Each structure stands twice: as structure tokens, then as C-alpha cells.
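Look for subunit A in each of the two complexes below; its partner is subunit B in the first and subunit C in the second.
Then we have the complex of A and B:
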């Protein structure tokens, strides 16, 4: 009994790790394989599929569109949400409960429900559906941006900073832009990177609302699924590498907790993480 | 005394405009649309009566709820033990394991479905490998059926469950374990009497999120077979997106019912947790 209770967690951990990694490794190998039909390991390795992929202008365009849409929505989310979060948490704490309900709502409503609502509200009325998707993306990032910003504001004690700055004669706006923003920058950056990586993988809204008229990377991958396995693997691996780079950047910003003397900026960035990190795993697509 | 705070208005108004345009207006039009006949018109309940009398849509709800419950249960059972194992590692290894786990969470939707097609699809690696050994896997497992979809759903539940459960283990302090064992409790008794009751609300909350996550998942199923799986989100997508059979009002009604299902699941979960926790203690 004792032995069982001791070893069960390790067995479960190993099983989960294998389960999570086999698909990743298989996709990686498949994207590098010359041909892989009858053997346990690929018959040969090649970069041919990546070469083909990167020469495909349709892929480059799709990649560019994803990059453009996700970064534009992320920037807009920062501009719209960060100042509002600041103002609410400092000057209207009574509103916080409402905003938190709103945050829960945006997090809990599945993408497919948003898609129905947005189609009913705006489709066929002369609006560009890409703009609608863009707006929905900005609001979809509310949980991540709001929590990240709020935690960062707490970590730097924004209230006292503002008092000091205003005592020294700065106007509110100036104090916010010159004092608060630079101090919470690492936290904003972490939230923005998380938002960007989620939006880059978004599929539901763009597929239902826009479809092939604005082919993003996810839509391109979907189109390639049934034509070429190797190319589709190469796309998946490219996407995965981009996500790995983004997470490495986030990890670097938040710093290692094992580091004895934490830099203040690392603490701010880390404050942005705990809620958002877990939320990120939602099947955002 | 209180002076007019222009900064509050300048910053909050744009946010509320965005929220109104992209959250409240769509939700409101969806709800009002669900009470209209096809093509719009006066108030009616026909969309709802159609859903509740058409076995096809009832089946979609049944399928969605079953696969969400099953994948959440498997996911949370595995994650409860695996996460505990992670908390036993040295701190710097824990960090790394979490980063890697989180990275696999990007494998959701289309890329995830594709990875499993590579592994287990009609000419997938494992499928061919087993065929080499003379085993026909298709008899026992078909990726394009419910068993396949469950495998994929469990996959995207695992990282989420681990990331949500991980902080909760820090509520259990090592000296409680020492105290319990000094008083003669076995590890099993410790977890049964102390550990589990403390973790339970967290586990239940996590289960809620996993369930909602699976109920709303669309991309994975869509990537495997287009609109063939009879799941609620897939049905909604097919009803509203621009093909010839578009019936947005019916899709809206399904959307409202999906939202209500999520709400009901959350409330039942909360009530159940309170009850069970009282019994355990």
C-alpha cells in the first residue's frame, strides 16, 4: 500500500509526459522525414519540406496575416485595457467587482458562442468582418491583460508612486505615462506576449466569421491537412517553434524564482504570470 | 471635495465601448435571435421546440456532455497524481517541467488534431507499425470516431489541469504530514482525511473549467472530420457559417442552451463540492 501510494504519482507523471510528448516528437520527425511508411524511424532526414514551405508565397502571406492581425489586436488590447485597469484600480475601486465579473464572462464564454453573436450582430451589414474579429480579439484578451496589469500595479505599489509623482508636481496623465508605465512595463510585456501567442493560434472566430477570405496560418494549416502530411508537419513545427521562442522570452522576463535576489522588474513580470499562465492552456483555438 | 477625474473617464470609456460592441451587443443579438423564426421576425419559441424535439440536436448535447465529462475525468485523475509528482521535484526542475507542460498547451485545435492524424490516422505511424506486426488496430481504435476524439480531448485537458492544480498543492504543508504521521496516520489516511478535503474545492473548480473547456472546444473536432461529429459547437458552427444550410436563429438557440449548460454545470459543481466537503470533514 505504502509503496503504491509512493510510486503512483511518478507513474502518472511519466505517463502524462510521454502522452504529451509523443505527438510533438512524431510531428517533428515527420516534418524532417524523406519517407516514413513502413519503418519505426524515418528512412532518411531532409529539410526539403521546410524549404518547400518557405518558398510557398501562400504560406508567407498567411504567416504575415497572422502576425499582423495578432500583433495589431495585442497592441490595441494594451492601449485600451492597461490605462483603464490602472484608472479603475486606483480611482474607482468600486468598479472592480463589475470588471471582474466581466473578466470571468469573457473567459467563460466559448469562442463558438461569440462567433454566433458576432455573425448575428454584424454580418451582412457592411462591416468588414476582419475588423469585427479584431475587436473580438481585443476583448478576448481582457482576462489576460487585466489580471496581469492589476497584479503588476500591486507589485509596484502604484498608489504610492502616483502620490509621490503628483507631490513632485506631475499631472496625473504625466505621472501615469512617465512613472507607472515604465515600472509595470515588464508585466505589460508578459501579458502582451501571452495574448499574442494565444491570438496567433486562434481558429474558431477567424474560421466561422471570415474563412478563406483572410487566410491566417491556422486556416492555411487546415487547408493543407488533407493535401500534404509532410508540409502540414512543417507548418505545425514552425508554429510550435514560434510558440517556444515566445515562451522562452516570457520565462526570461519573469526570471527564475530560484534566483536569490530578484530584480524588481522580474517581480513585476512575475506578478503578471500566475493567473494568466494557467488560463493560457484553454483550447483558445 | 471629490474632483472630476478626467483620467478615469478618458481611459474607461474606450474600454466600455469595446466591451459593449464586442461582448454585450453580440450576446444580446444572439439571445434575441434565438427567439425568432428562420430569417427573423416576431417572438417565437420554435427554435427551442425544434431542438427539444429533434433527436439529432439532443444527441449533440448528449455527445458533448459525455465527451466533456469523460475527458475532464481522465484529465483530472491523471493530473492530480502527476502534479503531485511535480511538486516533489527540486524547485528549478519544477519550473522547467511547468514551462514544458505549458508549451504543449499550444498543441491545441488544428495542430493537435494533425499530430494525432500523423500518429493514429488511416496511414498514421502507429497504425502502420501495428499493421507490420500483424495487428489491425482499426478494429479497436479509430481516430475518426469517439475513441479518437476522446484521446485528443484528454490531451488538451492535461496541461490545463496541471497548471491549475499545481499552485493548490502548496496549500498542503509538509509539517502537517509530519504531524499526521507522528500521530500514527498512514500516508493514505493523511490524504483521505486531510489532503483531499483541502484540495477538493480546487479540484472541483478545475474540473469545472476543464468541463467548460471541452464543451466549447470546436477546432479539434472540426479539423478531424469537418462538420461530421455531432457535437454542439460543431453544429453551431455549421448552422451559422455561410453555407447554403445556414440557420443562424437555430444556431443562436443552440448557443444559448450551450451557455446555460455551462452555467448549470458550474452551479451544480459548486453545490456538490460544498456538500461533499462537509461529509469528508
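Then we have the complex of A and C:
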């Protein structure tokens, strides 16, 4: 009985892992399989599908579009939201309540509803729908950028640093650029990477608002699902690898936590991390 | 003529008055301490002087110039924060150089000035270290060097030593005082530690609940407290009412005050010429290192007696004992004049 109760958590944990990883492993194997129809494991391995994928200019273009759209939206979000968060948390803390409400709103509106609303509001009125998607992306990143930046500002005690810099003769602008930005950089970077990885995988808005006119990687993947399972798997694996690299980067930035004297940069980056939970709840919804 | 002059400075936070018509004069080169319990308004007064907190009414003049409307960055004031607020991304050298860079001083002059400051504060060998690699005392010295290098008109110190342990604190107190004297730097120190205030100040302002309770040279404040608050805060004085004094020591001439203060260490175990005998029951005996503190119950009045610690000639709890007091050591508190 005791042995059973002791091993039960391990069994449950293993079951969850298997449940989560079987599709991933199967996708990976399928992307490398020559053919896989009647056997338990693939009949042979090949890089043919990846070769085909990377020779396909349509894929390269779609990948480039995704990269361009996600990074441009992320950069715009950083440029707009970081200074705004700084100004609000230091000089207008009363407004924080309203920002919190805005943050909640971005969670409350499901993607489909937002897409329909945006079509109703802007479609056929002379606006390029890509610009509308871009704007929605920038605003959609508010929760991650805002929370990450605010936590980083708190972790470095931005208020005292600003006061010290000002008394040493720096203007607020100069103090912000010379003192605050370098110190919260790890936090900004983590928030930006999270934002980027969310935007890179975004499908609902771009599909409904723009569709095939601006084919991103997700749209290309969707199209390929109906033609070639192998190619679709290769796309998915490519996407996974990209996300793994980004995640490793985030882990590296927030890591070094086991050291007794934690590097302040790691503390700042870690302060930005609660956004991961937010991201998960957003993806789940 | 005073170098720093504050007139009728008042400040309220959400209707709560924290500073009420404060007047203060500081001479050039003086080290002035704002001393008081937490929440008395001393840090707010310091922040108002620096310009970081706006005042509601009143004026501040520094070197004959009205600085009341001037922004912190242009006030030429140096400040060492309680948390030091060193820039974590910059080395010791770059932290110290920051203020000079903001003034667009030529690079060679900056290097020379920073070098001098590092020497003055004894930070040689730490030039390339980051703040996190330094001890608390070293960080404090970097903060001091960073504020001094720009040659401010006034240096403000907001409880700069409170985060350090006793040994280092004593050491840094002396260093701070010698650097301040060497540079003839007009300095305002905020502290809640009366020993620290006594040790380093030329002039002490004791604050209580947004008012200045008393100000003067350390010796004057210690020997001539004006009111009960100062007497209790500065020297753990015995404070007796006129009625209690009449009961315990009827020989002392009443001069019309409601309250009288007696320093615990003025009591003497041996009879004094012209001294009064005060007899009571010992309620506790505490060793405080170099002094021994005895608490007596004298006809219902609690009396604290401090004596230089000697081996054995102390009474035990419950014993009846007599101590002697010179009438001149009974200080009438003027602010409570009947």
C-alpha cells in the first residue's frame, strides 16, 4: 500500500509526460519518415521533407512574413509600452488601476470576437487590414510588456535610481536612457521574446482579417495540412526548434537563480517572468 | 549670514500635516543633523531641501539664491540615499563619474576628479568593481564619492549609516566627519540615532511631529533640554513633575516649571556636599557594558540611575538604597512653564 502511494505521483507524472510528448515525438518522426503506414515506427528516415520545405520559396516567404510582422509588432510594443509603463508607475501611479483594467480586457476578448469586431470597424474603409492586425498585435502585447516592465522597474528600485540620477544633474529623459533602460534591459528582453513567440504563432486574427493575401507561416502550415502530412510535420518541427531557441534564451536570461548572490540582471529578468503564467492562461483560453 | 535658509516650510500629505512652518539656518561648512523618531518629518524636510519633494509653502535659499522653484537637477545638491541607489549597471568609477558626465566636463578632468575621490574615500582597488561586488560600507563610500565629486553646495545624507553594523558605522562616522571637514562641505545629516548625532554634528535640530522641538550645539542640547520630548529622546532623562520633585527633594527651589529633568548619570552613590539624599527601593539592576543602570522606586516615582560600572558595590533588587543628587543638576524644562 505504502509503495503504491509512494509511486503513484511518479506514475501520474510519467503519464502526463507521455500524453504531452507522444504527439511531439510522432510529429518529429513523421517529418523524418520515408513512409509510415502499417508499422509502429517509420519504415525509414529521410531529410527529404525538410529539403523540399526549405527549397519552397512560398515557405521561405511565409516564414519571412511571420518574422517581419512579429518582430515589427514586438519592437513597436517595446517602444510604446516600456516608456509608458515607466511614466505611469513612477509619476502617475493612480493611472495603474486603468492600465490593469486594459490588461484584463485584452484577456477578456476572445480572438474570434476581436477579429469580427475589427472587420466590422475597419474593413472596406480604406485601411490595409495588415496594419489593423499589426495594431491589434501591439495592443495584444500590452499585458506581457506592461507586467514585465513594471516588475523589472520594481526589482531595480527605479524610483531611487531616477532621483539619484536627477540630483547628479541628469534630465529625466537622460536618466531614463542612461540608468533605467540598461538596468531593466534583461526584463524588457524577456518580455519581448515572450511577445515575439506568441505573435509568431498567432493564427486566428491573421487568418480571418487578412488570410491568403499575406501568407504567414501559420497560414502556410494550415494550407499544407491538407496536402502533405510530412511537410506539415516538418513545418511544425521547424517552428518548435525556433521556439526552443527562444525559450533557451529566456531561460538563460532568467537563470543563474541557484547562485547565492543573484546577478541583478537575472533578478530583473526573473521579475519579468510572471508573464509566462499570463501567456499560458491566454493560450489556454 | 547663513548659507542655507529655510523659512516657514510646510508640507502636508493628504491633509496630514508632516511639516509645520519649519525655520532653519545652516552656516557654510557646518554639519547639521536632523534628529528625531521615525515619522517626525526629518526625511521629508531633507527631500524638500533637495527638491525631490515639492513644498506646500515657504521658501528655501542656498547661497543667497532662492532655490524654491528650481528643479533638483539644477540645485547643485548632493545626496546619499539610505539605500545608496548606486547604478547597478555601472562600475565604481562610472558611478562616481556620472554627475561630471552630465555636466559635460572634459574626459581628462573627469578622470582626475574621480581618481581624487577614490583616494579620498579609500576605494583604491575597487575602481572596476560593480556595486553588487562591494560590501555595504564600500557601497556607502561610493555613494558618498558620487555625490561629492560634483562639488555640490550642500550635501544631504539620509540615514546613510543605518544599514551597516555597529563597528563599521562608528568607523564611517569618523571618516564622514573628517572628509566633511577637509572639504568644508555644508552637510545635512538625517538620523534617528542620538549618539551618532552627538558624535558628528556642529548643530542639531531635534524634530518631533513636524515641528522643531529644539536646536543647538550637541553639548547645549544635551545639558539644557527645553522640553520633555527632548529630555527623554536625547538622554533618557528622568522627568519629574513639580509635585513629585517637591515630594522627593523638598529642598530644591521651585522656579515655576511644571516639569523637571534629571540626567540618570548625575546621581552619585556617595554623599555629596550640598547634595540631596534620595532613598528608594531597587526595582531592577541592568548591566549596560561600561555603565550599570539601576531603577528605583522612590515614593511611587520611578527613578533611573546610571553609574560607571564598578565591580560590586551595587544593591540588589528589593534592597533599600540611597543615592545623592546635586540641586544644580535638576533642570527645569522651560517649554512646560506653569
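Note that in this section the second predicted complex is superposed on the first by the 267 of 285 C-alpha atoms of A that agree within 3 Å, B and C clash if a C-alpha of one lies under 4 Å from a C-alpha of the other, contacts with A are read in each partner's own complex, and residues count from 1 in each chain.
Assume a residue touches a chain if its C-beta (ideal position, glycine included) is under 8 Å from a C-beta of that chain, and two chains touch if they have at least 3 such contacts.
What you see is a predicted model, and the numbers here were worked out from it, not measured in a lab.
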{"item": "Overlay on subunit A: subunit C relative to subunit B, clash or fit", "value": "fit"}
{"item": "For subunit A as apex, the angle formed with subunit B and subunit C - C-alpha centres, to the nearest 10 degrees", "value": "100"}
{"item": "Touched partner set for A:160, first subunit B, second subunit C, both or neither", "value": "second"}
{"item": "Partner chain in contact with A:201 - subunit B first, subunit C second, else both or neither", "value": "first"}
{"item": "Which superposed partner A:249 touches (first subunit B, second subunit C, both, neither)", "value": "neither"}
{"item": "Which of subunit B and subunit C A:23 touches, first, second, both or neither", "value": "first"}
{"item": "Contact breadth on subunit A, by residue count: subunit C or subunit B", "value": "B"}
{"item": "Minimum distance between Cα atoms of subunit B and subunit C in the superposition (Å)", "value": "6"}
{"item": "Contacts on subunit A seen with subunit B and repeated with subunit C across the two complexes", "value": "none"}
{"item": "Touching residues (chain side subunit B, partner subunit A) in the complex", "value": "5, 7-8, 10-12, 14-15, 18-19, 21-23, 25-30, 33, 78-82, 84-86, 88, 91-92, 95, 98-99, 101-119, 123, 125, 128-129, 132, 154-156, 158-160, 162-164, 167, 186-188, 191, 212-220, 222-223, 233, 236-237, 240-242, 248, 251-252, 255, 258-259, 262"}
{"item": "Subunit C - residues contacting subunit A, complex", "value": "50, 52, 71-75, 77-79, 81, 83, 85-89, 98-99, 102-103, 132, 146-147, 150"}
{"item": "For the subunit A and subunit B complex, residues of the former touching the latter", "value": "1-2, 5-6, 8-13, 15-17, 19-24, 26-27, 30, 36-38, 40, 80-81, 83-84, 86-88, 91-92, 95, 102, 105-106, 108-122, 132, 135-136, 138-139, 142, 172-173, 176, 197, 201, 203-204, 207-208, 211, 218, 221-222, 225, 229, 232-233, 236, 239-240, 243-244, 247, 251, 256-258, 274, 277-278, 280-285"}
{"item": "Residue numbers on subunit A that touch subunit C, as the complex places them", "value": "156-157, 160-161, 163-171, 174, 178-179, 182-183, 261, 263-264"}
